[in-house]
Structure formats: structure tokens, C-alpha cells
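In what comes next, chain A is part of two complexes: it sits with chain B in the first one and with chain C in the second one.
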Partner chain A sequence: MSQTHKSSAQASPKSAHGSGKGKSPSVGAKLVVGEEGIATLLAILKKIGYKTIGPTLRDGAVVYEEIASLGDLPVGWSDEQDGGKYRLVQGTKGSFFEYLVGPTSWKRYLFPPNHKMWEADRKGGSFEVKNIDPTDIPSYAFIGVRSCELNAIRIQDKVFGFGRDDKPEAGIFSDPGYVERRKKSLIIAVNCSRAGKTCFCTSMGGDPHVVADQGHDLALTELISGSRHEFVVEVGSERGALIAELLSCRSASSSDLSDEEAVARKARSQMGRKMVANVKDVLKRNLNHKRWEEVASRCLSCANCTMVCPTCFCSSVEDKTDITGNHTERWRTWDSCFSIDFSYIHGGAVRRETKSRYRQWITHKLSNWHEQYGTSGCVGCGRCITWCPVGIDITEEAKAIKDTGE
Partner chain B sequence: MVVTTRTKKTTKSTKSGAERRYRPKVAVWKFASCDGCQLSLLSCEDDLLDVVGEIEIAYFLEATTAVIKGPYDLSLVEGSITTEHDAQRIRKIRQQSKKLITIGACATSGGIQALRNFGDVDHFIRSVYARPDYISTLRTSSPIHEHVPVDFELRGCPINKNQLVEVINATLNERAPNIPHVSQCVECKKNGTVCLMVAKGVPCLGPVTHAGCGNLCPSTDRGCFGCFGPSEAPNGPSLARQLEKLGMSKQEIRDFFRSYNGNAGAFRETSEAYD
Partner chain C sequence: MSQAAKKNESGCGCHSASENPMHPRPFKVKNIWKELSDTFSMSLVPEDGGSVEFEPGQFNMLYVFGVGEVPISVSGDPNDRGTLVHTTRAVGLVSKALDELKPGMTVGVRGPFGTQWPLDVAEGMDLVFVAGGIGLAPLRPVIYQAMAERHKYGNIAVLFGARTPEDILFSKELMRWKARLDLDVQVTVDRATGAWTGRVGFVTKLVSSGGFDPKNAVAYTCGPEGMMLNTIKVLHERGVPYDRIYLSMERNMKCAVGFCGHCQWGSSFICRDGPVFCYEQIADSFTIEEL
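This part shows the complex of A and B:
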């Protein structure tokens, strides 16, 4: 999925920008800015018309919401996570990005929980359909996207057909709303300075630090020690280069780069969980394992895992008439394979028992997803482990099946 | 699912060209309850006028003393059955109603007054009333569906007014109502509410509770009390074990599950395991 932004050299959603002061840094360049560089970045993004969505503290967690300035960031905060448990804790004083992924994922903005698809009005004996105006969709700048989250966005790109030409005759369609939101979004990634107890991106083929062509416009690595507080800025796209040009920065020295690598090494060494090897085939071989019954005795069937998962994409559509029946709207809303109605077809629901719903989720995520989209559906972010109220652990379930199955 | 019965299609054109439909006769009935759910209908404010314009209120003593005789196209029933007299009355109402929808925790599970189901009713009567011989009551408070067939059950203590309008709206427009039977957690996540149980260790019945309240308690920093009763696939025992880990005593867990919907299947079974 490297189609991202290479074709577009516009920094601004309004195309208002472009009169740079000097020569733009090239894609792949690494620069260094201080705290004020991040403040400038936020200000620039707002000025050129982006809706800046980033990390901020709310109700005991770091969530992704609209932010305006450095004061909105979770400055000095970190977190501790484990199965069914998340706690904010004091982190390194003054740090901007020490926290790890929380309950929100970027799908909230690219694939909103409730979304009006079209509406229609009765006109005489007929009716008139009105589609949603795509210009109403805001241009988001996502601040603080982690490497696992970039991978998740790329997985949802495949699901919703971003970067793919529609070929209706071949049955290939894309989701116009997703494509529009995605096209307009700018991604400022942040490399992880640590990993938590529920992190396992490295065993899902990922890395806590982003690599070239991962889909980011800029990627930041926070360097904080003693009185030093700087950020290595990696330019990920031409659009990112135009923005980087407006920041007052210097080129990264070899010592900056070795500091950056040290941050990555530390995060890689701290992975709290690990997915068993070859999980795709392990699950496929064990569809009648007794573990499914066992996990169903703990599973609340509450759907939290699917709601927090950055790749889960299930939805249902609801037709809502007004009381007169003269106006109707079709809404798409998040749904889950853990809901019984989700598998309702004529005659009843297909997956009535919790064990079959749990099995459906984990086998789709880790096994069948490969056949459907050519990749795993899991990026190892650990959200489903942390935010399961009873702490059911996808890595532990896969391991139990591998250890005792066929 | 509401059983779709086609309403009479006597339509006439209005000035705007929109079809004016037959206005179904609607009755609102009260059994053992606090009236709060009926009040939800009166609290529909802006929507109320639209609703009233589309239906004929045939029996609704909370709103008007004017009574139109049955049969009725739609009966909304609030309250639980606690006396033999009411057990007879609900059968007559069912006979006169094309469609019967129960509204609220009392009508759908027995309500808070179903706490009597866990105790000794004769003892309560002797303790409370000076002349126990004047009191004629059943030993249990039971939901309407235990007495007559019900077309749709709308949950909540009280019901959510938007859901009530949606059910009436769906019925008038002959479509299924958009009332998901998922857990309160889904409502939290769609709403962006941070999980209180995971982030703060606050006891919450959300994972086993039916969505629909509008995310009232969790979005104001309180755990879910289970006002909407069990979700479609509640796992009470697993949640109860987690509540123990969060420090609740056995008695607290029993009482947590045994409140407004204490008599509803999964909640009752879980609380009884902690008796």
C-alpha cells in the first residue's frame, strides 16, 4: 500500500500553501526540532485548514480528540496496561508522547461509529435520494499515529478500497466516504519510546518505529533526557516535506540518529506479549478445540475487543424514517461479530453461542483475513487485551490452542 | 422483532401531496409501576406533537380521561402483574390489541417490586399492613410476557424516550425498530466513553446490560446499574468473578445484580449464585 501521498504535493487541504521559504527537504530526510517545533507544527496544520486530532487526557486515559496546542497533549503522562487494566501514571517529566495506544483508534475518524450514507424524501408517488456531500468531510491531521496504527490504517485501506480503482464490472468497489476521509488526512506518526505489557507488534511483523513507505507524512521520535527535549523528524512524503520546510529545524547528526535508534531498540526489547508462530494455520487446524468452550465461559460477548480494535470494520445499516414516513435516512453504525443479530439471516442467527462468536472473531482476525486481504488482521497493538473487561488475551488463547491442539 | 401486521391503508392526499394515513388507535395501559415510562411519552416534547398527529389516542389516562372503546391497533403496556385482578385484565387487553408492546423494566422483567420474588410475601404483608386480611396480592411480580404474547419489549427504568418514539415510528411505518440488543459497552465505545472498569476499576454492569439508555451513567463517570436489563448474550458469572477481583463482596455482587431488573433471567441467576 505505498500509493499513499506520493502523487500529491499539496500540503494544504485548501491548496493555499506552497510558497515555501527555501528548498523542501527530500522524502526520507531526517531533521531535528525542539519543543517549539511541535508547537509550530500544530499551529501550521491548523492555519492551513486541518482539523488536528491528537492525544489528550480525558476520563483517566489518553484519547484521540481535537487538540489545538501543546497544552492539550498528555505532557508528562505515561500508562500501565495489562489484561483488563489501564492506568495513567506519571511518566518522564515534560515528555509529550511517552504514553502508549489507548482506547481510541484512528478508525473513529476514518470509519466513524455512526455515519449517514444517504437520505431520501417522498415526492408525490415517487421519492428522491440525496447523497452526502463529500465536501462536508473535514481534512484531518492525525498527530501521534503509532507504527502499529499505521499498519492498521493500511489494513482498513484494503478493506474499504482506498488506493484502488473501482471496477464494478469485476465486482471491485470502494467505500466513497472512507476514501474521501483517507485522501484528505495527513498523518504525523510518532515512534514508540517504550512498549507495554500488552504490546506485541514485533510478533505481528511490525516494529515500534515506522519505516519508509509506511504511509506517514512525517514521523517524530522524541529524545528526552536531562535538559534535552528534541524530536527527530523523518520526512515520509512530499506533502510532509512541504510542512517540514516551515519548521525551524536542523539536519539530524549521526549522534541524533544513534539516539533515535537507541529509543527504537529499547521499545523493541520491552514487548510484553508475543503471538505464537504460524498462528494462521494453528487456528485453522483446531476449529473443534475444547478451548473454545473454555474461553466462552470467560468471554462476556460484550464486543469491547472489536470496538477498540483498529482493524475491525463490521457495521450494520439502519433505515430511519421520520414519523410521517415522508423522509428517510440510511445510517451505517459500528456492529460486531460478537452481536447475535450480526449473523442474523432468514431463519435466525448463524452464531448463537459465545464460543462460535469468539472463534469467528479470532479466526477471522488471525487466519481467514490472510485469504481475504493478503495480510493478518492483527497488528499487535494489544487494545483487545487491555480493554477486555475480564482481560481475555488473544496471544494467550492462540498459545493455548497451539500447545494443546493439533 | 415486531410482528408486522399491515395497518389499514385508507389514505387521502393532503395539500403538500403527502399521503395522509389511517391513524392507528393507540392505548396506554398501566399495571404495577411508578408511571415513569408513561411519562416518557409525555416528555417527548417536540416529537410528541408529531406522534399525536399520526395516531389516535384511544386510552391514556395519564394524559386524558377521554376513552375510546377497543379494539386497539397498538397497546403500550407499563407495569408488572402483581394481583390476580391484573392477571385477568392483561388477558382482556391482549384480546383487544392487534399489537402489544411492553415498556419499561416492570413490564419486561417484573421491576424493582419483583424483589418480593426473593422473599416471603406473607411476612412482608404482616409487617407492613395493620389489616393484612385486606391485602390480596400474588406471591410474585411478573413480567407481561409470562401472561400473554408480547410483540416487542422496550427495556429500561425508565425507557428512553427516543427509543419509544422509534418503536412507535417503526410500527406506524411498518418496519423493524432500530433497537440493538447488544451490550452497554457498544454504546460506550460508539460514544467515545472511556471504560470505567478498565481505566478506573469501577464496578459496572455494562458488559451484561442491554444498550439503549443513551449511555447515561458511564458518560457521567458512574458504572452501569443495569437499568435496561440483560443484553442478548449476558455472561453474569464471568462478570461477577471480575467484580470480586475489583473488591466487591459477595453480598454487594448479589445486590448489584438484584435491582430494577433483578427478576430478569440472567441477572436473577447470577444474584442467586451469590445468595
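This part shows the complex of A and C:
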């Protein structure tokens, strides 16, 4: 599935840019730009009406927020990650993208943590629903989407029905707000130049380097050494081609391409963790394993893993009524299978014990997801390991169950 | 024989592909009445004058303005295309607010959602309906449907268990059904009170002795999970195979369309893959605690 390719041949939400600059590069073309090319890219995206979201520093971490220019990027920063540990550290001087994924993911924008689904006013003896999501959806340009994150976006596409036809008779619906936000989003991917101690994308069927048809419009590979600071730009879609045309690019030479490949090779070789093979069936066979008790003795049931996970999609709704009692709003907020209320029905919560909640999370992510959506729910980004306050490691738990289970 | 519970093939009455499935449709309360000390029913008609369609076993999300939304199975007659009837216990914030509504007031409805009780798999066979407590409400539409096409089936047994005689839901209707010669209706209570002269004991006792041919019957059960588990055990002991036993599950739901994740049970979303399941399909999940 690569909907971004199909969606539009127009680069911009406003179509404000010119079209007479000659032949645009074709999808799959590889070009090279310098630092100023990235500055130009940001400026162009803003000019043609995109809200540019990208990595920036806040609260001692790299987060994805609105950025205006190169100055907002965490230039020169890198990170150290491990179970329960995240530290910013000085990286290669002047580098734009050396750090890896932080606590935010792009789902914050496509599936916002808190958003209004509709509002209603009392009218006579009845009520009238209005301002139903989607309304006022911005056109986002996501800058710096990693390969694992592209996979995560495509997994959430399946959950919320982007690129899928509704079948109400079979209970298959799409989320109109998600679909609209996704349709209007442009994706500028960045290939990882390194992997961290909590990375394991390669054992989840991914790769630190994006491949054709992965859903990006452009993909950047940062080449930095000595005085050289350039980026290989791979054109991923027709929309991406129209934007690439506006940058001052040269074609990539064979030595540029081998430099690009060296970056990918290095990242692949640094994977800090590995998921055991056939984890889907391993977990399914071991729903009564004693390890669930053991991990529950460490798990705080804090829900951090589900908040940082780029594919976790559970939500709750809250109806907020104003003091007149005549106006009400329904808000959707992220929820987590780790909260006790999550499974509440009359008579009490179904998953009372932490072991049941941890089991729900990991079996859903790694096992049941396959039956629901034809893919794993895990992309190997490692966020749940890094951001777990006690460093519980999804790969270690899966391995423990495999090693001692049925 | 269809293995899975049947999807609604006739199309849904309240939403279409072009509509936002999260958007409630206003209905007027036509009538609201007490069934038991904590249980009530309400009939609803669409304010837009359209029709309502649902299949037996399906549920709606009922919304009280400014209060919230709850999933409730339809308990009315599927052949009545003008009115929706729901029966529920007033035990939570929203269901208590529903209970306080008066005729003429408005309720938001999203739905119908979910799978239905499949009757087509039972043509020419005996039907066994086993209900515990409020579990009779989601079964009533399929009992109506079976009675409307009575000639298609062999014996029909309605086996119902309530905690006490005061908890017998739809008691007048059960009496009327009992008077029919083409239905075998049996009621038992866990604990007798007052002037009760009927049977005492769990509903599983009725299953052990009920008038149906286990080799040629399809069973439909709804009630607390423990009651359903024991019912299935006894049905199976009598010779009803797992692929001819259907049950209805309950879980927390916020969206009813597979987005919110609350109703997940193993790889199933109860809102979409259920609430009605063929037991054979979910037998492995049913016995795992806190799944």
C-alpha cells in the first residue's frame, strides 16, 4: 500500500508553486543537495502551505513539533538509549539527523492524543450534532520520518482505514478524520545513520533505510564527514518529484550512492536488540506462562509504552458539557490497555491483574495484530524499551517466553 | 454449516458508508417502562422519520445528551421496522440517565453494530435458547424471529434462569409463550422467595433435561460468562457439537467500530467480530482468565 503515490500529483495544498521549471525528476531518482537544500526544502514547504513538523529539542529530548527553519533542528545532537534510559549527547558537529527516535511519534498528528470528534447543541426537545471531525485539517509536512516510523504509519493506516473501502455491513469503517489528515500529509523520510541499543527494526521485517513504495514522498540520507555535508534525496512519489524539482539538486554519482549504502550498512550492523523468530505463535501458545507473573512484578502498569508506541491506537471518549447544559462536546483521548478502567464492565474490570494487562499488550502487539490486520503491530523502534521507567524489554520478555515456554 | 456468527447482510438501518460512524442519530423516546426493580425497557423511533433495521443479536450505542454513551443490545422484534426496543439494567451513569428519560425526549443512536444470531444454520433442526438474567434481552429478537417462521424449525426450547422470582425478566411474555403448544418454555430460579412454586436450581439443570434432540439442535446462549460456560459444558455433554453453539459476549466499548480497542478479546473485536460468536471459533479464548 502506498497511498501517497496515488493521492495527488500536486505538490502543495494550495498549488501555489510554479510548474514551468522543466521536467521533474522521476520517482526513484536519486539527487544530491547541500545543507542549503534542506533550508530551501523547509522554506518551500512552508511557502506552499504545509505546516512543517519535525524534530526539535524540548525537555531534554528530541520531539516532533512545528519547526520553521534549520535552526529549530537539533543540530549537532545525538542520543544514547537503553532500557529505561534516554540521554541527549553531543553528536557529529553540524549534523542534522544523527539522533534516533524520541518519545513522540507521528501518530500525535495523524491520531491526535486529544481531539474533538463533534459537538452538539440542545435544540427544542432534541439536539443537533455539528462540527463533526474532520474540520479544519491542516496539511502537515512531516520532516525526518524514519523507516520504522513509515512502517508504523502504514500499520495505523490499516487500523483507521486509510486506503480501504468501508463495508458497513461487515462492521468495517474508516475514521474520516484520520483519513483526511493522512491524505493531506507529506512525508519527508530520513534514513538512519546509526542504530541505538534499543533498535530492532531489522528483526521486525524493517530496515533503517527506506525502500521504494514505503510511503514516503522524499527520503534523505545525510552524508557528513570532514567538510562535506550533503544529502542524497530519493524521490519516493510524484508529489515528492514536484518538490525535488524546486531544490537545486545534482544527480547522485556512483560514489554518492556507495556513500549512501555505507550509511545504511553501518546502521544495520548496529541493531542493539533482536526479536525472537516466530514470536506470533510463541506468545499464542503461552497465555498461561509463569513469566506473566514475573514481568508483572516489575511492570508499573504506567502505560508509558503504549503512549510512546507509534502503532498503539486505543482511545477513550469523554463527553464535556458546559455549565448551561445546552452545549456538549465529545472528545477522543488516547487510552491504554494498562489502565484498570480500560476493561471495565458492570461488575468490575475484566483485566484486574497487571499480568493480564501486560499479556494483553504484548500479545496484541506481536500476535493478535497479525490476525486483525495482516501485519505485526511492532516495527522495532525500541521506544517502549527506552521509555519504560523500569526498563522492561519487549524483546527480552518474548525471548524468555520462547526459551521456557511451550 | 456456517462456522462463524453471521454478519448483517441486509445492510444497516442507521448508517451508510458516506456517514460518519461516530455521529449519533436522534431518536425520540416513544415509551419507557419498568421491567424489574433495576431493569427497564424503552422504545425509540427515529426523529428523521426513517426506518430502523437490525438483525437479532446486534446492538446500538445509546447516547444521552451531555452524559455519555453505552452499548445495549436490541431486545425488540426485528420485524417491527419502525421502532427500536432496548432493555437494560440501570446500573451505570449512562444507563441510569436513560432510565430517567420520559416519552418525547431524545436519545442518540449509533448502530446497529455486530454479528447476529444465525437462524439459517438451524432450518429443520431443534432450537435451544438458554438465557441467564438480563441475557434474555439480547436473545428475545431471535426468539421472535423463530416464532415468526415457526414452520422452519423442529422443537423450540426456551430455557431461562433468574436469581429469584422477582428477577424473572419479561415474565408476562414468558407466560404467554408457555401457553403456546409449539414452544417449550421452562423457567428456574437460583433461590426461591415468596410464593414461588416453580423450579429451583441453575439453568444448566433445564439444559440437562430440556426437550430437544442434541444431535439435531442449534443452541443460543446469553448470560453471565460463568453461566454460559456451564451451559456449553452441559450442552456438549448432551451431544450438541461446539460448532452448533452460539453465545453473545460483553466487553467495554467506546466506539463500536473497531477503533477504540476496548472490546478486544484475543484477536477479536467484540464490536465487529461479535458480540455473537460460534463457540467453536472462540473455545480457546473462553477459558482463559482475564483475557
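Definition applied: the second predicted complex is superposed on the first by the 398 of 406 C-alpha atoms of A that agree within 3 Å, B and C clash if a C-alpha of one lies under 4 Å from a C-alpha of the other, contacts with A are read in each partner's own complex, and residues count from 1 in each chain.
In this text, a residue touches a chain if its C-beta (ideal position, glycine included) is under 8 Å from a C-beta of that chain, and two chains touch if they have at least 3 such contacts.
Please read these numbers as outputs of a predicted model, since none were measured by experiment.
Q: Applying the touch criterion given at the start, work out whether A:Arg122 contacts chain B, chain C, both or neither, answering first, second, both or neither.
A: A:Arg122 sits against chain B and chain C alike.
Q: Pick one for A:Gly325: touches chain B only (first), chain C only (second), both, or neither.
A: A:Gly325: touches chain B and chain C.
Q: Give one of first, second, both or neither to describe whether A:Asn368 is in contact with chain B, with chain C, with both, or with none.
A: Second partner only.
Q: What is the shared patch of chain A, the residues that chain B and chain C both contact?
A: Residues common to the chain A contacts of chain C and of chain B are 122, 319, 321, 325, 335, listed in rising order.
Q: Provide the residue numbers of chain A that touch chain C in the complex, in ascending order.
A: Its residues touching chain C are 117-118, 120, 122, 125-127, 129, 132-133, 159-160, 165-173, 175-176, 287-288, 313-317, 319, 321, 325, 328, 330, 335, 337, 342-346, 350-353, 356, 360, 364, 367-368, 371-372.
Q: Spell out the part of chain C that touches chain A in their complex, as residue ranges.
A: For chain C paired with chain A, touching residues are 7-12, 15-17, 20-24, 26, 28, 47, 65-69, 89, 91-92, 104-106, 108, 113-114, 250-252, 254-255, 257-262, 264, 266-267, 269, 271-273, 288-291.
Q: Can you tell me which positions in chain A touch chain B when the two form their complex?
A: My answer: residues 58-61, 63, 65, 84-88, 103-104, 108, 113-114, 122-124, 297-304, 307-308, 318-326, 333-336, 338-341, 354, 357, 386-387, 389-390.
Q: Would you tell me which residues of chain B are touching chain A in their complex?
A: Contact set of chain B toward chain A: 17-18, 21, 47, 50-51, 53-54, 165-166, 168-170, 172-173, 175, 178, 180-183, 185-186, 189-201, 204, 206-208, 221, 231-235, 237-239, 241-242.
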